[in-house]
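Each chain gets a letter, A, B, C and D, in the order it is written, and its residues are counted from 1.
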Amino acid sequence: MEEPRTGVYVCNCGTNIAKVVDCDAVADSAAQLPGVVVARSYKYMCSNPGQEMIAQDIEEHALERVVVAACSPRMHEPTFRRALQTAGLNPYFLEMANIREQVSWVHDDGAVATQKAKALVHAAVNRVVHHEPLDRMSVDMCPNTLIIGGGIAGMTAALEFAGAGKQVYLVEKLDHLGGNLARVDLTAPYLDSARDIIADRITRVTDNEHIDVMLDAQVQSLDGFVGNFKATIRRETGLEGDGPTVSVDVGSVVVCTGYKEFDASRVTHYGYGKLPNVITSFEFERMLHEGRVETKEGRLPQYVAIIHCVGSRSPEFHAYCSRVCCMTALKYAREVKSALPKSYVSDIYVDMHAFGKGMEDFYRRSAEIKTLFLMYERGEPPVIRRADPDDDCEMLIEVHEQLSGEVIEIPADLVILMVGMEAREDSGEVARLVNISRDKDGWFIESHPKLDPVATTTEGVYIAGTCAAPKDIPDTVAQARAAAGRILGKIARGKIDIDAVYAEVDEDKCSGCRVCNELCPYVAIEYDAETRRSHVISALCKACGACVAACPSGAIKARHFTDEQIFAQIEGVLA
Amino acid sequence: MTFEPKIVGFLCNWCSYTGADLAGTSRVHYAPNVRIIRVMCSARIDPTFVLKALHDGADGVLVCGCHPGDCHYSEGNYKAMRRFPLLKQLLADYGIEEDRVHLEWISASEGQRFADVVDDMTERVRALGPSHVRFDLASDMAER
Amino acid sequence: MTRKISIDPITRLEGHGKIEIFLTDDGAVEDCFFQIPELRGFERFVVGRPIEELPRLVTRICGVCPASHHMASAKAVDGCFGGQVAPLAVKLRRLYYNAHFMHSHIAHFYALAAPDFVVGPDADPAQRNILGVVAKVGLEIGGAVIKARAQAQEIQRIVGGRSTQDIWCIPGGVAKGLKEDELEQIRPMVDELYDFAVFSLQLFRDVVLGNKAYVDIIVHGPYALDVQNMGLVDENNAPDFYDGMVRVVDFEGNEICRYAAKEYTDYVAEHVEPWTYLKFPYLKQRGWKGFVEGIDSSIYCATPLARLNVADRMATPKAQEAFEEMYATLDEHPSRLLLAQHWARLVEMVQNAEAMRDLCADPEITGDQFRVIPEQVTGEGIAIVEAMRGTLTHHYTCDENAICTSANLIVGTTNNNAPIQMVTKKVAQAMIAPGKEPDQGILNMVEMAFRAFDPCFSCATHSLPGEMPLQITFHKAGKVWRELRRNC
Amino acid sequence: MAEKKLQIALYWAAACGGCDVAVLDTNEFILDVGAVADIRLWPIAADGKYADIEAMEDGELDLALFNGAVRNSENEHLAKLLRSKSKLLVAFGACAHLGGIPGLANLTTKEEIFERAYLDNPSIEEGNTTVPHPETPFNGDVLTLPQFYKRVYKLDDVVDVDYYLPGCPPAADQVKAVVLTLVAGATGQGELPPKGAVVGASERAVCDDCPRTKNEKKVKRFYRPWQIMADPETCLLEQGILCAGPATRSGCGARCPSSGIPCRGCYGPVPGVVDQGAKLLSAVSSIIDSKDPGEIERIIAGLPDFIGYAYRFGLPSALLQRSVRS
């Protein structure tokens, strides 16, 4: 057979690839491969000139296939597919060779790296020969949206949809809306009341005709695919447990399940749970709420100490920073002062993280109100013990103070532990329910950390707020709006393109052995007892290929991942 | 000069391949012997791929999927896990050294681990020396 | 300088058996070698396979008598599991095996042997085939022959699912039983086959015994061999093809030994020659004495005739009549007259048909207890059946997981390797003598010697029984001197 | 057409003869063929003039049906001879097509085979050290035997093959159909199949013809056929009995599963499948009902000697041929 006319483009990615891989040599060797009519090396293939170069060659050299050797296809495959499409070539006639993430960034020996790059390009050229023109399926986009979690993120998103006149189902596990923010008094840096922020939203959400708020409710199952999900929601009817389930059609899902605070009792040297007046930030919020800052015994504390990074930025608990505690701590210092002007407040921290709008000023202003700042080493956290009867305080905190280099002992009647954020214990269930992944700390993984922070690897499922990672209110709200914006855009189009990559049964080959039937996680495989053949419902198929590998007749074809394509790749990498 | 094994790696798109990308973005260096082929899910990996790779001259084959319970397709990696032991048995029946074919779970966040797995596998296959599997009919008939 | 004559029964290139005759300068036969150039190694490559798979593997030793290997193997495998078999399964296996025996005998007698006797040994080679037979005895008989063979095969298929490359036996019994409606299909066929067997005997009487010339060939031809006889017998010393004791009787009728399958290594051993891949079994206790005849020779035949020679009687009445008639005519029991094989075959066919009839009449035959699940793996099984062409021994061992650890086979035709060797030399000596130039006649004579044994080199070497094209090449000092051919 | 008769040869190499019996089993059909063709060579049915074959012009034969694997130098020589003399060469039956059961010998070695046959064997003559040899001198002359190769080859390993007729043995009706097609094609009265085609077989797997009912499959334990009384109506694989049917081309009429016996794959892979054993492996292990590695190991322990099942009839045609052992 006559090989299709193929163009090969080796991206230098500035110097990211070129500094290790000899891109010209890779292009030259590609030029020798059967079917390759043009092979170029260029500084930035993903740039407009880069894409235009491809378009032009498709035109001039009547290219039928394109291979781009550059970064990971997970990064720019859509970019280059669009480039092919605009040049009038089927987007699936593209194949990428990953010579950045998997070559130039991980190998330093230029010769060896270039060798490997050549092999990967060879494989790509081999493979692309077998590519077939595929058409994306266009299906109706259901305009309704399911939002899981009634915190600030969930409510914000819900209001966005409602504002656009779109139906929302807001599912909250608890019997009230508000989430964690409802447990907070004032907010940094401007000390406006979280209450007001929340209360206002709760009324707008509950009163909105487009928002169906379901309290005491949980999503039981989510089937279907982007634009066409079916969600089953179970309402708890109070004490007698399981209640009725409702099933709703939605086109998209926004997960806003938030976070839970770190359990302070896990840090033994702070004596939380043993020492009555060692409390967590949220317990302190409740005091502020009730407007009475006092010890368990009801006395007014003379010495108040605030300890940062409880459970955060610590090797044995969470390596990450919880991002909001530092500023909240400063907020507490000020609130204590205003409540008990005579009291002494000491703030025991590791590093003071005051990034973001207005925060540095806030830090400075807090310093002015005579707060005693003590810096401790992450490895050497402070130790709290009961004071002796003759001391004028209840507890003594021993701190290895970094700036002075001395071991300082300070008095305390009330100790506030700034507990960090961690992923909710049910985040695993939620991830499985909506089929998204979690990172090692249990936070949901976004489609791309920088370029696509609210989408996930499952089309139609979005994440917003602290279920993805610790963040503050402005970021959370921004994400919620971003997610809503993305979805509203799709709803506006009314149609949605499904990836053309899915499995297909050749019923002339299917023997009806039914080996595949059990394997599909999306029940996309139907067996027709009449014809004694199995067949795949393409819209439900998510292209994992489990049935393709299992089919002993080779009757199931994985579009864009066919045996021929993979065989060709194997031969290529080993050539 | 030392023997540099050729290893073919079949990686699932969502976890392992992303993990390998992460090794790249984190600039974790590792042995250049593995040539990666991307599939959507480890469940797509037909044992034929492994035999074909060995037949075409691979000294080793590395198969990677998401960690059990954490598959993008909910249970695809269990399907790979079920096929693997029987494949290993078949290869053993052929008399092929166990270390030449290896299954590993790599999550999207395990760039470092991916690099370690590759280095480790490369060392083990290097220690085994070149594969004797590659079959060339002409030379076989010549010496019969 | 020696002259070498090579006879390629199935010429060198088709090569599944050839004869090399060495002549002295004055033209006397110095020596004669019957060579088998093939080996496949089943005994080795079944090792490592699950033991229950062997009955499906060893059938590929021979596509002509796969059922014989299937049965021997099935019994040996039963042995590896302690030997427990459903009694009904034994009956069904016998029914099946008799059917197989019968169609094999029909094919041999009419397609291969009959041409010699019905058409005549001296007839034009072009006529000496099944078509010639049909021409002589008439189309309706020809049709009856094809029908009978097909019916016997069909019975096998109905009972055991397949008529060739058998699959049916599994440890402890058989995979499928016989349904009522299947039995009803079989019954009329069995009756017809009985009639056909009786008819064949009559045909033999009329056409062969009625012709003095043929009787002379049988009785006075160079086809007598003074060697011993081996065959499987039941407790009454009547022939049993599926099971029993091996009985060895010398050509004067004295019993040399009578042993059970598991004792075979005490009584039989195999000699190896470097110039042939096929081994030479002999009576172990007498030791290997070379290719010699005589009352104390360790060489034996295992053929239809040998089976009747070691038997005192047949197992069924009509066969018994035929048995008595045959030996009365041959006027010796045992008989050394190799061409009486064909007659013996017809007598066996009668017993096959009668046995099938009795089994069909058995009220239990359609029962559903045709299998038992083995409870234990005992690790060793030795089984002997009669293949059409001779006593067939399978000996297996397996490990506790029922994986085969060793296998040894002594197949039907192998038993007759030495006798074939000897009769060939005998014929050569009779036909080739100083001053007497070899001629076309030697071809017929040699072929008839072969045919008498119906050597199934599928089993032994996997060439096939057939009207073997013969070619003699006379060599003088290694150079071709003259060629004689038939059918090639 | 009619005046010039078709020139046909049939031959068997390392085979059992079952293929020739399959031809005989077409009964009177043979006579029909005899009417339109001269059978120039067919050892089982006689009257083949072998010498003429060697004397023939290249391509003088129209059709040669070759059954059996290539085990020794003679088999190979004849394969080459028939290839040169015949316009069409058909690999007839599993041995010529895939290597067949004799191909299982490739799991062992020539040395081990000789050892077992002639030296280490319970019935061998005591103290025997003789093994057959390609050349044995006798009085200044020599007795020759063909060379026994190290391994078994399928027909197209040694010569170019036009068509493949699968089966061990091929079903008689398939033999009929194929011979008719090829005769028609060769006499210009019909279309010849594309070169390299597998003929006389279905395009689907055995399950398509298997009468047993099939359901979704999940297997907790594999059984050897003798370990359970299998239900006669439902799919054997579902019952945990290894059956190669799903991975095997049909055309046999599902003879084995219909008789309560699992398929062993004699018709070879389904069209488009590269390696029958790998596909059987993939299908069988995909239906294992467990997520626990330990349990999975226990379950596959019920499939000993998997290679012997996976390549029962096709080891010489498997992707992997040579192991570190050889």
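In this text, a contact is a pair of C-beta atoms (placed from the backbone, for glycine too) under 8 Å apart; a residue touches a chain by one contact, two chains touch by 3 or more.
Not measured: the values here are computed from a predicted model.
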Spell out the chains that contact chain A while also contacting chain D.
B
Please indicate which chain is farthest from chain B, where distance is taken between mean Cα coordinates of the chains.
C
Given the contact rule stated at the top, which pair of chains has the most C-beta pairs in contact?
C-D
If you average the CA atoms of chain C and of chain D, how many Å lie between those two points?
25
Could you tell me the distance, in whole angstrom, between the mean C-alpha positions of chain A and chain C?
79
What is the distance, in whole Å, between the centres of chain B and chain C, each centre taken as the mean of its C-alpha atoms?
55
Centre-of-Cα separation between chain B and chain A, whole angstrom
29
Please list all residues of chain D that touch 2 or more other chains.
107, 274, 279, 282, 286, 305, 308
Using the touch rule from the top of the page, what residues of chain A touch 2 or more other chains?
519, 546, 549-550, 563, 567
Residues of chain C that contact two or more other chains, please.
none
Could you draw the chains as nodes, link the ones that touch, and say if you get a line, ring, star, complete or other?
other
So the complete set of touching chain pairs is A-B, A-D, B-D, C-D
Using the touch definition from the top, list the residues of chain A that touch chain D in their complex.
508-515, 517-519, 527, 532, 546, 549-555, 563, 567
Show which residues of chain D lie in contact with chain B when the two form their complex.
107, 149-151, 153, 157-158, 274-275, 277-279, 281-282, 284-286, 288, 290-291, 293, 296-297, 300, 303, 305-308, 310, 318-326
For a test of understanding, state which residues of chain D touch chain C in their complex under the given definition.
11-12, 14-22, 24-25, 27-28, 43-51, 54, 71-72, 74, 77-78, 81, 100-102, 104-105, 107-108, 112-113, 115-118, 121-126, 128, 130-133, 136, 138-141, 143, 145-146, 148, 168-169, 224-229, 232, 255-256, 258-261, 264, 304-305, 308
The residues of chain D that touch chain A in their complex are 203-208, 214-218, 235, 237, 245-247, 250, 270-274, 279-280, 282-283, 286-287
Which bits of chain A are touching chain B when the two form their complex?
72-74, 98, 100-103, 105-109, 112-113, 115-116, 119-120, 123, 432, 435, 437-440, 445, 457-458, 501, 519, 521, 542-546, 548-550, 558, 561, 563, 566-567, 569-571, 573-574
